[in-house]
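Both of the next two complexes hold subunit A, though its partner changes from subunit B to subunit C.
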Partner chain A sequence: MKLKINGKTEDATEGIRLTDLIVQRGVESPEMVSIELNGEILEKDGIDAVILKENDELEFLYFMGGGAK
Partner chain B sequence: MEFTDEQIQRYSRHLILDHVGVEGQEKISEAKVLVIGAGGLGSPVLLYLAAAGVGTIGIVDSDVVDLTNLQRQVIHFTDDVDLPKVTSAEEKINKINPDIRVITHHEFVNSKNIAGIIENYDFIVDGTDNFPVKFLINDACVLAKKPFSHAGILRFDGQIMTVVPGESACYRCVFPEPPPPDLVPTCSQAGVLGALAGIFGTLQASEVLKYIIGIGDLLTNRLLICNALKMSFREVKLKKRAKCPICGENPSITTLIDYDQAICDLKQ
Partner chain C sequence: MKIPKQIIDELISHAIAEAPLEACGYLAGKDGTITKAYKMTNTDQSNIHFSFAPEEQFRVVKAARKEGTDLIAVYHSHPETPARPSKEDIRLAHDPCVSYVIVSLAEGNNVIKSFKINGETVAVEPIEII
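Right after this comes the complex of A and B.
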């Protein structure tokens, strides 16, 4: 099935769990990522339950510091 | 207010803009903007706000200028090493534009003092490099209903959003809690492309001026992300989150919090 991840269309296994996708993609420091699914930011405790479906849009949003020091 | 002949010349490129004009320039001259952090992001913000004629500019920074800052913190010069950043920045602002009233706050912001510092300003700019203060600024601005610009840069990446409390998504709508301190690399550990600070600082300054004048579409409910290696910009749509712990329907945060600073920050 097709997913849109960070703005790009990508292939993924039918019915893959979000947690498995995170592992599969080797998402760097998952604790440092906020995940938006179809325009909604997911609650941290809600991620485990998410099963992805065709045309879902995912955004992995990273904490970004820096600027002053 | 009446502009002098010198001011009419100085601001002429704004005055001839349809969206600015005399009325817009008057708003700029009457505005009070606070910049927290006179570093990589704060430097270009301060330079452009001073040049634009923002009437009152507040600067908060507890640091002194270090040689390692000069690769990106363009308001500070080699001769300024060891000077307080607020002093160095104030001197440059006075040289760029003597019209500006500069207020310096040579201190850290914390849960005790931030409300008092921000209360007299119209717009706040987050130019800080650490998450405890980024969350503190968000919370203080949401509670005091002060609009602010968030930006963060690291390595070749940056992100920016504008928050108008009550109207648009806040930082915690996207990032509910600070990350674990030991997981966060700072610029001093991970490095940062100096010019990236210029890109994001000037984006922040543009947002400040648009807000003051009341023109265009602010970067609200949008997170603009840039990767300078690919030189690609991407926009992620955001919305206010009902469960946001500070601006949601049942906020669990009603007072300000001092999160622990990462040890690596303190050691510097």
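Right after this comes the complex of A and C.
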């Protein structure tokens, strides 16, 4: 099936779980990644239940922060 | 990384305007040349820490993409300390693909430096002002 990930159309296994997609993509520090699915930001504790479907649109981005000390 | 003088001035102005709090934002561009600075909200409202709001990050990511640019760097200011990554900067630098630009206002000097951070490895990245 087709998914749009970070603006690009990509092939993915039919019915893949979001957590499996994250592993497949080799995302480093996944706990520090914010995910938007079809325009909605997912809560961290809701990610496990997500099963992706054809034409879903995903955005991944890293939490950004830092400190001077 | 190449940064136009006008954008360098924008970063310094942003840092001064937010001081004593830390200013932060994204730098977008193409092929290593910065074309636009996106000011971001420091949700920590702190003089020693910054965090982006994910909702604002997603908006900026899409805006940059729409303009055909990439988010090349993240910048933030150190109002009172030198332009080098702190332990906290290194700990929270989760994305090895972007550059980390620091604007220091310490001791009245405006200094901008860029770094690549991958795990505990920090490398200075030259900035060419154009």
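Odds and ends about this structure:
To be clear about the criterion, the second predicted complex is superposed on the first by the 65 of 69 C-alpha atoms of A that agree within 3 Å, B and C clash if a C-alpha of one lies under 4 Å from a C-alpha of the other, contacts with A are read in each partner's own complex, and residues count from 1 in each chain.
One rule holds in what follows: contacts are C-beta pairs under 8 Å (C-beta built on N, C-alpha and C of every residue); 3 or more make two chains touch, one makes a residue touch a chain.
Since the model is a prediction, treat every value here as computed from it, not as a measurement.
Of the two partner chains placed around the shared chain by superposition, subunit C is the only one that A:28 touches, whereas subunit B remains out of contact.
By the touch criterion defined above, A:61 reaches both subunit B and subunit C. When the two structures are aligned on the shared chain, A:43 is found in touch with subunit B, with no touch to subunit C. In the superposed model, A:20 makes contact with neither subunit B nor subunit C. In the superposition on chain A, the residues of subunit A touched by subunit B in one structure and by subunit C in the other are 6-7, 29, 32, 34, 36, 41, 59, 61-69.
Considering their complex, residues 22, 24, 44, 46-52, 54-55, 57-58, 61-62, 65, 74, 76, 78-81, 85-89, 92-96, 100 of subunit C touch subunit A. In the complex of the two chains, the subunit A residues touching subunit B come out as 6-7, 29, 31-32, 34, 36, 39-41, 43-44, 59, 61-69. Subunit A contributes residues 6-7, 28-29, 32-34, 36, 41, 59, 61-69 to its touches with subunit C in the complex. Looking at the complex, you find that subunit B touches subunit A at residues 37-42, 61, 63, 69, 127-131, 134, 151-154, 157-159, 173-176, 179-180, 183-188, 190, 192, 197, 200, 223, 225, 234, 236-239, 241, 243, 265, 268.
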